[in-house]
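Have a look at this one.
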Amino acid sequence: MTVLAQFGAGRIGQIHARNVAAEGARLKYIVDVNATAAKGLATAVGAAVADQEQVIADPEVAAVIIGSSTDTHADLIEAAAEAGKAIFCEKPIDLDLARTRACLAAVDKAGVPLFIGFNRRFDPSFASLKEALGAGRIGKLENLTITSRDPAPPPADYVARSGGLFRDMMIHDFDMARWLLGEEPVRLYARGSVLVDPAIGKAGDVDSAVVVLETAAGVLCQVINSRRAAYGYDQRIEAFGEKGLLLAGNRDARSLQTWSEAGIAGEKPLYFFLERYAQAYRAEMAHFLACLAGKAQPKVAASDGLRALELAEAANESLKSGQAVSL
Amino acid sequence: MTVLAQFGAGRIGQIHARNVAAEGARLKYIVDVNATAAKGLATAVGAAVADQEQVIADPEVAAVIIGSSTDTHADLIEAAAEAGKAIFCEKPIDLDLARTRACLAAVDKAGVPLFIGFNRRFDPSFASLKEALGAGRIGKLENLTITSRDPAPPPADYVARSGGLFRDMMIHDFDMARWLLGEEPVRLYARGSVLVDPAIGKAGDVDSAVVVLETAAGVLCQVINSRRAAYGYDQRIEAFGEKGLLLAGNRDARSLQTWSEAGIAGEKPLYFFLERYAQAYRAEMAHFLACLAGKAQPKVAASDGLRALELAEAANESLKSGQAVSL
Amino acid sequence: MTVLAQFGAGRIGQIHARNVAAEGARLKYIVDVNATAAKGLATAVGAAVADQEQVIADPEVAAVIIGSSTDTHADLIEAAAEAGKAIFCEKPIDLDLARTRACLAAVDKAGVPLFIGFNRRFDPSFASLKEALGAGRIGKLENLTITSRDPAPPPADYVARSGGLFRDMMIHDFDMARWLLGEEPVRLYARGSVLVDPAIGKAGDVDSAVVVLETAAGVLCQVINSRRAAYGYDQRIEAFGEKGLLLAGNRDARSLQTWSEAGIAGEKPLYFFLERYAQAYRAEMAHFLACLAGKAQPKVAASDGLRALELAEAANESLKSGQAVSL
Amino acid sequence: MTVLAQFGAGRIGQIHARNVAAEGARLKYIVDVNATAAKGLATAVGAAVADQEQVIADPEVAAVIIGSSTDTHADLIEAAAEAGKAIFCEKPIDLDLARTRACLAAVDKAGVPLFIGFNRRFDPSFASLKEALGAGRIGKLENLTITSRDPAPPPADYVARSGGLFRDMMIHDFDMARWLLGEEPVRLYARGSVLVDPAIGKAGDVDSAVVVLETAAGVLCQVINSRRAAYGYDQRIEAFGEKGLLLAGNRDARSLQTWSEAGIAGEKPLYFFLERYAQAYRAEMAHFLACLAGKAQPKVAASDGLRALELAEAANESLKSGQAVSL
């Protein structure tokens, strides 16, 4: 039975910890600066509260899950890598490109697997779109539209330390784009505005953005982001190709329609990432554990985290200059 | 150019008169007890106002369209038949079975074509369902669900002279059922209630009803009627067979969705028969004219009007007795 | 921690056993005539293999789950009731009405809770339809259409001992009907045919059926069954009322559309009850455990099993006589 | 009764001529270099064949419809304007910006109304989206996605004289964008590729393109074009705003679904512009005639043709330079 430790007992930490248990692996330790949170989660999943040194020093711990705050990721990755432990880390590795590269070099040197938590690759809708694409259902891909809108904007103080929309939010879409395009973008154009919340603008960020990516083959991909959608979490992908179009739409919880004087009404999409991606988080953890057990090859490479961040950096540059950026 | 005359200048008369014009035939006369209505429509379509005698006596009139009140249908049919004119008549021929049979005998003797206005056979949705069924898309038909609800109940005085829900409203569904089943029902069970408007009950009728038809082959067909639907005209057919299901749903006018905090909303269906069956009325008239020109064989026989009325009678009998009726 | 034992280690047993574990209760014993199946499931969920006597005799076992073959249900219920244990039993209690009544009397005398596994009440779609109905979203209910088709017919030998379509399959729909109508049907008309598989006819059963239920208030409910649907498990409910219509449609797994030369294609529904009702089984067990813990009132009464069976019996009678049956 | 003359008896000419008749106006002359086409259409609608001089000289002709080839538009507009006739002209006025401006100056000087055939403004879906937007249904507009794909690429020789994708095809989308944004774009970025047909590349054009428009307020609009879509004419608009999203989707002809082993299939969209925009063409002509009768104010200004062409020019410039263009 694989033994793991987890850094972070917040929202996402609770998801991962329970999924580890449900998949039949053992979570030995929970580490969190918030002692109450650590204690609560540890009790719930039958783990012990520990600190970083303890986790790193325990040879029984084969892998760590890093779900703590972004600024701790790189240090924890390096410590775990040095101790020879496999790593599952929430995106991003770090908000700084140089630090990210250094960190990956350390991982590379240590020869441990580093798995970045790009959960959307494990969403049933997107995974089946990817599969259909790979199976040639629409022939050669020619255009990709990724729409991604959060239900409500984050608090301004979160925005300030988030690294900005491109590194915090669109980074998931950049990963989706790279994954589905099947080749690296060579050109990027980014535009952004403050339309949702002036506080986000004051924090130096945008809350609405469009990015156009382009591959060497001339395939174009539009990514559309907003920090707020009145109808809830909007997560859709349209892949257009020579033989047709694949559409992974939003999903609702119950498939109940109400026909009334007001119209023909369906339900809103699943509210936010915890609901929409519940299955994805579970499948992602199952996959990570299968990789540890040597039963699967990782579907997300450490370099995927770096590549997505590089696109986010390029988007920031394009936004600033107002011009397209060659990659 | 085919020359026609029309009895009736009401709502349905206006539809037919304009469709005759649009199809390039000539409407020579309009007859209506309401002189103002007759005058108005005649002016609009370039016809003359006339009375019955004039129309029947004019040898130039090759065909008549009967869209006047139900109690005039049988007499007009007989008069036109005797004069050797082709006939397009709105359903029903008459509310009385014996009168209907006598009328058909007269038509038969005269050897003129009598076309009953079962417009739904010409609706694009239902016609394509019929076509797909005939083409074997779902294999052998095993079950049929016909849902038919009006947006709002008729006034009580209309109900009183309508002949009742089965002869006035469900008669259209009986025709759909016969047309799609492809064999005559041998058994019928009808239930009805007054749930929408007590005035309808006082007029001796029901406003909500379900009928189960059954063929010799054991295919079952449920017809579901209501005199009122808050969301508008509900006209749907589900045909289930060995290889699948065909679903002809409601149609809306614009295909506009609104996604908001209140949900994912589509438009209501086209409001009532004038809107929903506009294309059907046009296609029906085009077909009638094509038959007159010898370019098509009639898709609706005079006997179809009789058969549907017989089912309505049987439904009344079943409703009264509370038991199934063998046909 | 509630301690339970389970009879039956087949398909449905595996679902229940895992749900008990996931809900944090303890499954102490697994009983099954098939020793291999018992052993396999017991190992998977950390239970012991036992026989009936052992389970009944163990005072630590507070409740039993009965998921063994139908002919064992009544005896097991009575044994467990006598021992003062709470009972969760898959439908039906017994195929025989008299035996069912005797069994319920025993349960009543023992004063233990008996929960019948009408899982569909816990399906998110149907539960939210029920909730919306209760909240008055469509006003007074006027008509109900329940469509229920299996993806593929069962083997003929299953049919022979199943009790027939009405007691084996439509019994679920009868429960749905009673639950949603909110009043007992007073009249029933049933028709059935052999259209899918002649072997089912040879076994004395029908494979296609329609039943019309009617309440004292005049609300009509059509139930439509088939043992086979080419597109998979068809589980839909339409509730029509004075203010509109609630439609609980089929659900698919991934919400992926393919637009191609062949048309606009969506996915088929979740294949069969294990997939479609996975959430319902989980919620049902959670509810049963909550009831045991005194945290919820049972949403399914023992008498619900009897009432549904009575409707199935009446349907058999109506099918035989060809006439409606008063209840 | 308004009297009109029409230049052009091709596909679009046939549509307009019949719509004029259906709207109760009189089409006196048909002009076309193809004598057979002119004769055929003139006969069909009861008009006479004439040449340009005749039309211009006839004082009875109050308005002309220009549906001839693009290279004749500007000259015909000027001639008609000088003669004081109202003008309905298919887009574009001319492929050359300077020529377009000169032509508009002539129209302006003559003081006659010039109506550009931006038919999509009259499509029921898009018109109702515009209306809902204006009524504040989604609050302030924040993002706009216009997807526009033809079913099949035009022949290479058409491409050669079409003025290129931006002036020939996307010009319609530019008009939609301006119309819906409600303010002029101030910045544009265009990318295009040859993915569909190498012959289009050889003709110096692209067949796949994405353009990002931006307003001074920071609203972004993506336009996505392809010259080929396997599933037919793809004409969709998504307007996203602070209170939700408006989605004008594709429309099909019959609303028939087929559920089978292959999936849940709907129909393909209406095949191409003649089918999809049939209602729009009719409404557009009705509106033009209403304007002539002084009963409506023109919904499309002559300058709209110029503005859309300017955007197309800017797109060509951006495509060439690889950089965004300020407008």
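We call the chains A, B, C and D, going by the order they appear; numbering starts again at 1 in every chain.
Definition applied: a residue touches a chain if its C-beta (ideal position, glycine included) is under 8 Å from a C-beta of that chain, and two chains touch if they have at least 3 such contacts.
Fair warning: this is a prediction, and the values are worked out from it, not measured in the lab.
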Contacts common to subunit C and subunit D (chain labels): A, B
Most distant chain from subunit A, judged by the mean position of its C-alpha atoms: B
Where subunit B and subunit D are represented by their mean Cα positions, the distance between them in whole Å: 40
Averaged-CA centre spacing for the pair subunit B and subunit A, given as whole angstrom: 58
Junction residues of subunit B, two or more chains touched: 138, 230-231, 243-245, 258-261
Residue ranges of subunit D touching subunit B (in the complex, touch as defined): 22, 124-125, 127-129, 132, 137-138, 243-251, 253-261
Residues of subunit C defined as touching subunit B within the complex: 138, 140, 142-143, 145, 147, 149, 187, 189, 191, 193-196, 208-210, 212, 214, 217-220, 222, 224, 226, 228-231, 234, 240, 242-245, 322-324
Touching residues (chain side subunit D, partner subunit C) in the complex: 230-231, 252, 258-269
